[in-house]
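Both of the next two complexes hold chain A, though its partner changes from chain B to chain C.
On to the complex of A and B.
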């Protein structure tokens, strides 16, 4: 595996900022700011892809970076905002776990993923940082899905998990083949569309997108 | 090259002279954003000078703590000022304490202010004191963690050494842990200086005030000392921010006079920039409910924690 020589410092910075944006999602109580932070996170991810492209000289990774900006930091956030506007949902995140405990659990998840990654023998320090960041993104995304009541936040959780996978893939392999990436993008886009439609249906049936209500039976 | 004694005296004079000006500039910036004219930037000097000419009205029920607290707090803050590099590194008193000493000198000042607020027996004072301690209990671990992240990176807890090393690194100092620790310390600076999401410095509304409630019983000369102490603390917290994270331009004590004067000018610019940034933050946010403050401070705690963790991951501790 070729080590990324150029901008190893830049990469560290970007990855740390991605972690920061994840914690901003975890720490905010407004749906709008959660979605905005997700957009920022995706933009930073695109910057990571751009850095990898620059240092490896593979042109197709630039395409991936541009697609990431286009879809994940523009189209998907606007789609989420559209959903929020259309179903006139209350603009606060409802929580099962309060903000401060969530943040502490998020921090613990970062440490746990670091120790998990340390047991794998990764060659360079950079990819160990990137890999532990990506595993913590996946676990924090999962935690957001568990601990938030609104269906939109669960959608956001799965998107954060997907971002984590993307980060891991791009930092370990120095860019997957273009075809695979395109397939993943298509998958994500369709998944977001389907989840959006699902949220509309949930809202229509229950007059709310609180997933608590899904547990009660309707005869 | 200036001698040890001269540099200590010079540093004290600079701290005392600049801190009211900083307060004035923050107030003026806030007034600008609220489309008011606002008081002159020299108003804090006039306030302190006027208060110093007045006699104090003191309750008959107070003990010696009430008299001693302003002086002890002020002395503690000024001592911290001698340990923090302001515009020259390698301070002559740098051997006497490192950043842990600075943190706990601030804690000492806060402890005595809170104690004095309880002493007079007014209900507002007790409320202010308990709130201040509530905030302090969350600020302190975050402050320690974030400074530790920087200290680990540099390899020393001596503040002069930290700013010298970081300024020697140049642009390489812009590492992720440094930035995370900076964000954490910025949030802490808001809480430490009693700025808006945490405390409103310009209010006397009994439900919201923290610092003002504690010093409600003071008047005259004692109030002047308390107010000046708060301004000096604000200046020192900002200097900590400036000289740990952006120490570029700071001069060593052995440098020539021209370099030192230049360092002083750069320092003043940096401090005012931070003050203006703080004023922008203050005008663009609303004051938070007291019981939401743990959220804000746990965000800061989390940032400093992330700084430590990412340092350990990257450097493979």
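On to the complex of A and C.
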């Protein structure tokens, strides 16, 4: 396992910025800014991948970085914006948990993730840092899914979780083999597309994308 | 061989899209699934004779276990495509759907079969990709009727399964990390064949964490409690042949993922940890199924909760371990797939005839549709584990392995739960089968296609209860050898 010596400071900065972008999503009440912040987060993630590629000299990670920029910070955000425009939803994120408690819970999740990762022995200081950021992203993504009403925010929550895993994979093992990474990319794209289709259907049948309405099947 | 097997359903799906009439699309669908079945069987035969097959730069492979999954998927998908002709034919002749939607149905059906076959023959942890693909394709099948309930079911299904599968990806990454430490950063570090050889040297702490994530992740897809909440909705709102595919094969594919990781994790953490987790989740699934089966009002959801129960039984079998436990669990995967699909086909006929999913509004099936009624009765006896049907054999094997292995409390609970489920399930089913027919229902079967699909499955349910062909026995023993 080659340790990333070069650019360790850059990495820490980037990972910290990724956490900041996550909190920006958590603290925002407008759908547009949530999506924009997700784009920024994905761009930062691509920078992490680029740094790893540069310091390990593995060319295939560059491909991953370019794909991340192309899809996660351009195509997917634009697709989400397209959905919002097409179905003319109200521009606010409707919340079950208000902004300030959300931010506090987010902070707590980061602390918990940090202690959780401390308890497993991981190779270096850096990957431990990156891994705890990754677990925080996964748990905050999950929290966003359950605390926001709009179906689009649940989609965004899943994407944030996925970004978290991407960060984890890249920091632990310098990324999975190329074929697997490409497969995951493909899956994420199709998933976004199909969730988009479902959101259109939800909007057509319920005339809203409020997930409060999707609570009839029980027992 | 593997390439042909994977290529056939894709080609069939594409061809279905370009057909012009109902007859054409049905012919192509049935021929396509017949070809899939033939390639599937010949793959099984090939593996049985020659052992492991690896092709396509090591990324596709088939050992005894993959062949077993391929066998289940190809049989169920073939039977289900026969059933679809009758079921969807009824829908189209009653103007519930039009030709365009019928074509779309068959396209998605065959793509769904493709993704499930891919789960079986992927040679690495990229299994994850295939399992996520099954979610995405089947979501479009669940939404098929596009009414409020099905939209809700599909959305829940996609969201819950995707989150679950994300956890599984985390488990996969951790496993890869453990493997890279030993094998170095090669593409091989994700392959089953190379993983299993060095699994003993993996860091137990990391593998414990990985196994928990994998169990929760794929467990969501397999419908293990308490992650099963999407399952009853998806089963009851999807078109019935799809319900049969979901319950017969999809959950088995997810179980396959869990069992693969179980064999890797056990080598590193020791059997104690993984077994206990599986026993806990298994018992939880059985326990949660009990009240929902007894108090159920919707017969498709009744079957769905029965699936939760049976996935619990498979998890228990693997958890009890030993040759008998694993043998029972593997056999149970096959038996459950056959019997549960049979039950789905049966209630599908009932749904077409009575037009309601409520148990209380259906009675006298045996008088309105004698064949369907009789088969439902057989299926109901079989699915609740009564002798002399196939599920009895596998449940009994698992139970005895539990007692032999010293898991007394778990085995007693297991026995208690299946007795309660037997009572609850049969109480509900007999209300539907016997009694006077609901007024206004014209007697007569729905279609010959649906009946012939059911008869094929009844043969499996019956014969495996009495007699296990030596080749089939040896095949399962080969799978057990792979798992242990």
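Heads up, the rule we're going with is that the second predicted complex is superposed on the first by the 215 of 219 C-alpha atoms of A that agree within 3 Å, B and C clash if a C-alpha of one lies under 4 Å from a C-alpha of the other, contacts with A are read in each partner's own complex, and residues count from 1 in each chain.
Here is the rule we use: a contact is a pair of C-beta atoms (placed from the backbone, for glycine too) under 8 Å apart; a residue touches a chain by one contact, two chains touch by 3 or more.
Everything numeric in this text was worked out from a predicted model, so none of it was measured.
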Which superposed partner A:129 touches (first chain B, second chain C, both, neither): first
Which of chain B and chain C A:100 touches, first, second, both or neither: first
Touched partner set for A:120, first chain B, second chain C, both or neither: second
Partner chain in contact with A:81 - chain B first, chain C second, else both or neither: neither
Partner chain(s) touched by A:110 [first = chain B, second = chain C, both, neither]: first
First (chain B), second (chain C), both or neither touched by A:16: first
Which superposed partner A:27 touches (first chain B, second chain C, both, neither): first
Partner contacting more residues of chain A (chain B vs chain C): C
Residue ranges of chain C in contact with chain A within the complex: 59, 124-126, 128-129, 132-133, 136, 139-140, 143, 146-149, 151-156, 158-159, 162-163, 166, 169-170, 173-174, 176-177, 180-181, 185-187, 189-190, 205-206, 209, 232-233, 236-237, 292, 295-297, 301
Of chain A, residues touching chain B in the complex: 9, 12-13, 15-17, 19-20, 23, 27, 99-100, 103-104, 106-107, 110-111, 114, 125-126, 128-129, 132
Parts of chain A lying in touch with chain C, wherever the complex brings them together: 1, 120-121, 138, 142, 145, 151, 154, 158, 161-162, 165, 168-169, 172-174, 176-180, 183-184, 186-187, 190-191, 194-195, 197-198, 201-202, 205-206, 211, 214-217, 219
Touching residues on chain B, where the partner in the complex is chain A: 172, 174-177, 179-180, 183, 294-295, 298-299, 301-303, 305-306, 309-310, 312-316
